[in-house]
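Before any comments, here is the structure.
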């Protein structure tokens, strides 16, 4: 299935998806409000069957004042790769958990919470993953400052 | 050996791709007697394997390190120490262009350059901090003048990590190519400003970039020796 | 919707309730971070009832080195050398994953020689990694001798790779645009000699451990991971294949020259430790087969397609590429902004995703079962923590 | 005053089998024990001589145990190394022969740590329980006709009684450490040793039945026509196998080293021990291994009795040229090597499999074996009967 065909199928699922340019694999952007329903359909539709959540990560865009969440999905049955992007505000970084669809999301979301401070509503066990429980700040945010961080030499 | 007779290959189609799979066999026992007998046989077979090695001292692979120094073979590409390449006249190729400095992922190279007599950039100090080096070889790879190499001398352990800061150039001054244009050997020697390799506790500022840049003079740490520690 | 953020100490010290006289006392045990069976600094908090495990809580972060944060200040070539330190047992595959992502983003084509050497050398390292795993599995299950046999044979490959790549563990050999060095002239004859040497040794491995009734009983029907759970918990690589799903990126999305070589995918039937064990043993055979097919057919060509110090400009856009390492699919996510330094670099580490199935499979088993499960998951903790 | 006399024959075993009493065409071996010598001296009012025997015997035992510990540490390390394609200790002395002494000095000089939360008294006592069990078992060990401390009339029963003594040390050590891993290890050890005691004793009973005596010297003398391992149509062999498996389990050695299980329990019951106390645990383990080997040799391989074939006088005479002590040492060394071979080859069992092996397999097998052995004894149907 080519990227164009896959995108056409995704538009059948939800007309609000937007294709992101110059991405590999095919990346689409979905408004965060429809994300959970969209993902549920991606997982259950027989012609898509994205049953594996390969990866979940976040990106910080301080100049746009946004976090970008990325879900890398894989369909074993149809050998399809898809990246689903969504954007949430940096001030209230709330997103819905995907752990009911894919159990692994629970842990990947914990990693993102730990490093970005994105709060997943409905998450069964939202705790820090790598850092200590009393760590202050979220290191992968672009504005994170730490006593140990060195200045980049010019 | 584990019985491979019952292993079957099968063609399956997954995600539109045809592939051959081999199904993992299950360890199986048929009856109680066979189980006991098979278990005893399997244990005995395992013991035979270990006995085979026990009874053949030639299969010992231990190398006794300090004793085997003479015939210890280190591959020529093995990366143990960063070195400047010197020719038979003791001259190197480094121009102080700082490409390695910029490309080094963890800032373990600090190149300090200066203006030479000809007005061109010349190397003043090439400081390499082995204690933070990851031996990724990028500096050697990116050097456009082929001035660097990784040597095999792996025995570089010391008791103080400050001793792991090396100055690689033995002299400050022009490169090998620039020297070729100079005829008189007296001029050649005059242009070579001696730089001793660090062999004593080094002010970390040199390598960390505090005292970097042309014109900043760093007192040569020649007054301190290893015994001072 | 409530968002309650707990801490580990709250979980380990639950509020006291009045026990009924018949109930046994459940207690918490820390398995790790210093524990011989966790292969590093993994900490598993076990809720135990006698010897039976009721709950497993993995606690990570003891070797978190913020590689992703560091990668936001480094360009592609420099990121490659960081990946050596993630899954140090498949350093070359990690190098390749980043290199491939950078090459794809930049649109660089590599010649067949580079691809063949990459494939060859990664397969060698897959064998090497599985050898180490085999030895350590024996160690975990109490057979110390296999540990030394595994390491002895691993040393042969390490020597071969050292001769070509110049390092034994953190090789940094596969670079964006090609390779750091060309193959060493001794490489081909030594690999051939190694295959000749290792095939009988592999049979010996099977005699020593696979055939051993104690090992079979320790592994069979222990830690059963069903196919649904394996997919749901994001397992890849041998762990997923052991659950019966013949998913191998080398077949599904061929990279390198995997589409030109013949090999079979070993697949399990039950998803227990035995399947995971046997699949890795069989993968060693298949990898030897791949190496045999490629070793005589290395095409000529350059070993580097780019200038060594060329600026690696990543175009704006996100790139996610996967490579099948010895433990599963390693994904590299790069977000370019037109600079040579990526805006975000993320590694989908196979070990991180494989690890979590332990919370499901180890429950109800004994400590010894947990050891077997962790051992057959073949975790490399620096890759989990990154 | 016949109780300790070496030639006194006990009458507690009223059912004397024909094998036990049988003279096989040769002189009976003269057995002298240390206890008998002391007894004799005392009867002669020669207290100095008695004191010399007492002190000398005590000193010799302690010295032998210490020396054996050193030798075994070295042997284990070398054997393990050669199984694993290694050289083992090579640095201290010629081929590292002084390595165990260096280890011992290291253990002596190490800081002796007692955890704050530990039960101090029991923590300190625990290693000595292990050592005590070991020394008690040495009492009845027949090394050669001249070297034995006491030839008890009920030596086998005494042995069965004290062989489980080491479990006290393990259990107390694990419990008093106040460490969950140690506790788990101690519990495993207790369950394991108590269970395997059953089939161990049943295996010994077969030999007791054959020889018709509970006395060590008589058990050995009953093998003058051939060792019990092969004389009884496989019954002895099965009993021997059961004994070997059960004693490996009793010794807490791989593949049954669950109570230590370094990859599971990080050392098990001796996790918290360091320095000399740790060394004592290890000494006890190693000496216990020798004792188990020595008793296996005694019961099944004839002990110090040379290899005899019935009444083949010429052959037996040649075998008698080799002194009994050498026979004993040879057989014991073979058994020790076998235990090491097991340890460095097999993976460890799981705790429930361990119990299943004992109660569901070894116990029925040894019971059936006992019945078959009884049939053999009653029918007299064995080699060289």
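A, B, C and D are the chain letters, set down in written order, and residue numbers restart from 1 in every chain.
Here, a residue touches a chain if its C-beta (ideal position, glycine included) is under 8 Å from a C-beta of that chain, and two chains touch if they have at least 3 such contacts.
This structure is a prediction, so every number in the text was calculated from the model and none was measured.
Between the contact lists of chain B and chain D, the overlap consists of C. Each of B-C and A-B has its own count of C-beta contacts, and the greater count is at B-C. With respect to chain A, maximal separation of chain centres occurs for D (centres as means of Cα atoms). Separating the CA-averaged centres of chain A and chain D is a span of 65 Å. Distance between chain A and chain C, defined via averaged C-alpha coordinates, is recorded as 24 Å.
For this pair, chain A with chain B, the centres built from the Cα atoms lie 39 Å apart. Of all residues in chain C, those that touch two or more other chains are 145, 152, 208-209, 212, 214, 245, 247, 252.
In chain A, the residues touching two or more other chains are 76, 79. Each of residues 14-15, 17, 43, 46, 49-50, 61 in chain B touches at least two other chains. Those chain pairs judged to touch are A-B, A-C, B-C, B-D, C-D.
On chain A, the positions that touch chain C within their shared complex are 20-25, 27, 51-55, 57, 59-60, 70, 72, 76, 79, 81, 83, 85, 102-104, 106-108, 111, 115, 119, 121-123, 125-134, 139-140, 152. By the touch criterion given at the top, residues 79, 81-87, 90, 341-342, 344-346, 361 of chain D touch chain B in their complex. Within the complex, the chain B residues that touch chain C are 1-2, 9, 12, 14-15, 17, 19-27, 38-39, 42-43, 45-46, 48-50, 61, 75, 77-79, 99, 103, 105, 134-138, 141-142, 144, 150.
Per the touch definition, chain B reaches chain D in the complex via residues 36, 43, 46-47, 49-51, 53-54, 57, 59-62, 64.
Residues 14-17, 107, 209 of chain B are the ones touching chain A in the complex.
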